[in-house]
Every structure is written in structure tokens, then in C-alpha cells.
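As written, the chain order gives the labels A, B, C and D, with residue 1 at the start of each chain.
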Amino acid sequence: MIEYLFLLLGTVLMISGGLGVLRFPDVYTRLHASTKCDTGGAMSILIAVAIVSEAPMLIKVKFLILAFLIAMINPMVAHAIARGAHKSGIKPKGVIDVYARDGF
Amino acid sequence: MMMSNVVRTTTKMVSPFLVTYSIYIMIYGHLSPGGGFQAGVILAVSVILLLTAHGHVVMERKIDESQFKMIEVAMGVGILLLVSGGLLFGTMFYNYVDRGTFGLPFSGGFIPIFNILVGLKVGAGFMVVYYALTRWSEDD
Amino acid sequence: MVKEYLLVSPFELVMFIVLFTSIILIYRVIFGPTTPDRIVGFNTISTKITVVIAILAFLKNEYVLIDLAIVLLMVNALGSLILAKHFERGGEK
Amino acid sequence: MSRMPLYLKERIEEINQRALLFNYETNTLPKWEKVIITWIALAIFWMIVSVSIHWQNILIGAVVTFLVSLLMYDMFTSDIRRKGNVAIKALRIIFLYVPQYIFIMAFRLVESNLKVLKHAILMDINPGIVKIDSDLHSHTGLTILANSITLTPGTLTIDTVRGLDESKIYVHWIDVETLDREKAGAIIKGGLEDWLKNIFW
């Protein structure tokens, strides 16, 4: 039963991530939606698959390795894209920008 | 030019596991999908990740372009020798090594050896292509 | 017999929903105002495709497909990193 | 010592702190210990990836992972320092700290996802980039803190600046509540930094 709960949660998070990427105003806020919702949704769907599948134990661990790699790689890529976008001159919309004020 | 601290440390933490994974795909190429070419691609990806994050100057202390060229040529010659060894038994590509039992790593005759050679050759070849593409833009 | 074809398992349903979401995201890839927007959209689509491959590996009982999912994830990360490095040096000038 | 002026006392404490950090910075493990740590980690990974436990598989794995660890021994062991009892420390990390961390991060991740859903529907955002301080000084500790900040609600790491006396993290905050650096740091980091100080320096 708990696996369908994870599955439902993952689907809702995936859809909300897509909605966020479509609706947010600039690239940094879009990165918020993309990174968090993709990581959370992918991890919960993979955990659901790992619980349901009737494979041997070690294959279930492979799904968890994939989830762990996603959780490790995705924030790094988001950080790199945000830093690159700021260095290439895209101004963030918002109230304050300490990063540009400090001369980076 | 080096990228930021976070990118450098994460690529350092991930790349040894990627190299191990590519060698797994190489050795088990005759038992599972994948094989030499895919394993070579992952090997090249893991080295290019390090190269992108750390820059050329840091990486040249460990390994550089001439060594990749040497590996590629040596593996090409090795493949030719391995394949033409079949001429002693009849035709080229004749599987003259002991086959072993099905399903174990030491089986399939020379196909695992062939996969290892192809994987190393493809990885080194991709590295040479990457160096050739970035030579005019990487000034560090 | 007909009823079996009508019934769709929940995992297949989730797979189609995720595919549909990634198709909608092509809007961001095509009409993104700046190039980092396109990279964000493409990165999101790739992660969703990774999940789809993992679900397919479970549905078809072909567990070796997980290896391909890991390969896709890493190649996608590498592409995004190289583009980000290109932007750190000043972008499209 | 009791008649020492106050400013001199602060100065001496600062110098002691810097000496301790330099001690950490230079006191690395010898090469063979790095090779063995890398070998153990890669061998566990090999056994998970290749499903069988036949003796041929174990033999190939041992040889291959030893060769790889000879080549790449300083990749993820460069921030490990010897301090205290090694076995007790490793056991405590594996059975106490890592499950705590996974438990905390799971709930924070779900909370952050639901927050993004709320923001995407209502569009009540107020973004900005702020700067916070951190007490961590090692590369690995800062990286894990930055990645955790990216996954917690409403924040995204833009850049980290590492220094021996203080490290700074620039964070894109989707809903800026305060501009004060310490209050913002307390809100953004939560209990993560105190937890990470148990393991990293």
C-alpha cells in the first residue's frame, strides 16, 4: 500500500515541477522548481518501484543507487547553471542582489 | 579555468565510481547489454567531467594528450593481433580461446578481451577528439 | 480478454503522465527567452526520461535497463556542466 | 595570565584557532591508507553493481578495484583527517549520523517540493540573493552543506567562498524574509550545520 502512496506523491511532484518551470518569471526561480521537484519526484517514484519489484535484493539496491546519484548530481548541475547564468550577465528579478554588489 | 568549489568536489567524489562502473560494463559485455563501445563512452565521460571541472593545467600533472594517443594506437594494434590470431586456426575472428561455461565472467572465448580492448580504445579516442575540439578555446 | 487490455496498471499510468509533462516542457526549450532557460528545460526533460527508463525496466522485467538510465543521467550532467562552463566565461559574445 | 589585556587575549585565541585549522589542513593521511580506504569503498560498489557472488566475480572485482584505487586514490579521501579512535568514529558515522541525515533531509525535501507547488500556483514570490556565513572549512563539508541548502525549502546556492577564518555562501532565496545576515543564516541553514560539524571540520 505504501508504494502507491510514494507513487502518487512522485507524480504530483513531477507535475508541480513542470508547472513551476513553465510559470516562474526568470531562470533562477525556474531552477528552484526544476531541481527540487525533479529530485524529490524521481526519488519517490524510484523508491516505489524498488519496493514493488519482485527482483532479487541486489537489483532493488540498484534502483536506490540510481536515486542516490540523482540526489547527488542534480543540485550540482543546478548550482553550475545558476552561477554560469549570473556570470554571463543575466540579472535576477527581485529585491536585492548581494552577489553582484560584492563584485563577482 | 577551474569551476566552482562545489562542482570540483562533487566530480571528484563521483568519478572513481564511474570508472569502476565502466569497467564492469566492459568485462560483463558478453553477458549483458552494453559492451565495449558504451563502456568506453562512460570512461571518457568520467575523465571529461574531471577535465571540465578542474581545467587542463591541473589534469596534465596526471595524464595528458600524448598518453591518450599512445593508448589508442596500442589498443588498435592489440585488436588487430588478437583478431588475426584466428588465422592459425582457419579464418580471421575465429574464437580460438577456451569457451568456458555459460553465464560466468570467464566465458565466451576472446570476446571479453576484445571488449576490454575496444572499450579502452573508444575511451582514449573520445579523449583525443575532446582535446582536438577544445584546443583553440582552452587557454589555461 | 478485452478487459485486460482496458486495465492499465498504475505504473504505466505514471509513465504516461511523466511523458506528457516532459512533452509540455518542450515549450520552455523552444521559446525560452534566454539560453539558460533552454538548458533548464532540457535538463528537466532528461531527468524525467531517466525515471521513465527505470519504470520500463520494472514493467518489462529487463533489469539491465537501469544501467542505461545511469548512463543517460551522467551524460546529461556532463552536457549541462560544459554549457554552464561556457556561460561562466561570458556566454554568447 | 590574568593581567593580560582583553584585546591581547582575543588575539591569542584567534591565533590558536588559525593554528588548529592549519594543523587540519596539513595533517593528511599517508598514501597507503588512502589507497585502502578507496579500495574498500570501490569493492563494496562493485559487489552491489555486479549481482553475482561467484568466486570469479569476486576475484575480478578485487583486482580491478585495486588498480582503479591505485590510480585515483586522492579523489574523495583528500579531506579525511585522523582524529580520535577510527573504528568508533566510522561506526558512529554509519549507524548514527547518516540515518539521522537521511531522516532530516527526506522531510525537508517533501516540504520544499510542496512549497514550490504552492508558489507555482499562487505566484507569491519575492526573490533575492543574500549572503550567509558558515563555520565549515573543508571542501567536502562545504559542498555537502551547499547541496543540502539547494534541496531545502526555497533556497538555491549560487556560489561558495572558502576561507580559513570564515566561509561565505551566496544563496538565492525565493521569499526573502530578512536581510540580516545572522537571522538569514539561522533560517536557511536550520540544524544542518550543527549536524555536519560532527563529521567534517
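Please note the rule applied: a residue touches a chain if its C-beta (ideal position, glycine included) is under 8 Å from a C-beta of that chain, and two chains touch if they have at least 3 such contacts.
Just so it is clear, the model here is predicted, and its values are computed rather than measured.
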A-C against A-B, pair bridged by the larger set of C-beta contacts: A-C
Chain centre separation in whole Å, for subunit C relative to subunit A (CA means): 12
For subunit A paired with subunit B, centre-to-centre distance based on mean C-alpha positions, whole Å: 31
Whole-Å separation of chain centres (CA-atom averages), subunit B against subunit C: 26
Multi-chain contact sites of subunit C, meaning residues that touch two or more partners: 70, 74, 77, 81, 84-85, 88-89
Contacts with 2+ other chains: residues of subunit D: 49, 146-147, 157, 159
Two or more partner chains touched - positions in subunit B: 3-4, 6-7, 10, 13, 21
Touch relationships between chains, expressed as pairs: A-B, A-C, A-D, B-C, B-D
Complex contact set, residues of subunit B against subunit D: 4-6, 8-10, 12-13, 15-17, 19-21, 23-24, 27-28, 104-106
Touching residues (chain side subunit C, partner subunit B) in the complex: 64, 67-68, 70-71, 74-75, 77-78, 81-82, 84-85, 88-89
For the subunit A and subunit B complex, residues of the former touching the latter: 69, 72-73, 76, 79-80, 83
Residue numbers on subunit A that touch subunit C, as the complex places them: 4, 7, 10-11, 14-15, 17-18, 21-22, 27, 30-31, 34, 38, 41-42, 45-46, 49, 52-53, 55, 59, 62-63, 65-66, 69-70, 73-74, 76-77, 80-81, 83-85, 87-90
Subunit D-facing residues of subunit A, complex: 9, 12-13, 16-17, 19-20, 23-26, 28-29, 31-33, 35-37, 39-41, 43, 56, 58-59, 61-62, 65, 71-72, 75-76, 78-79, 82-83, 86, 92-100, 102, 104
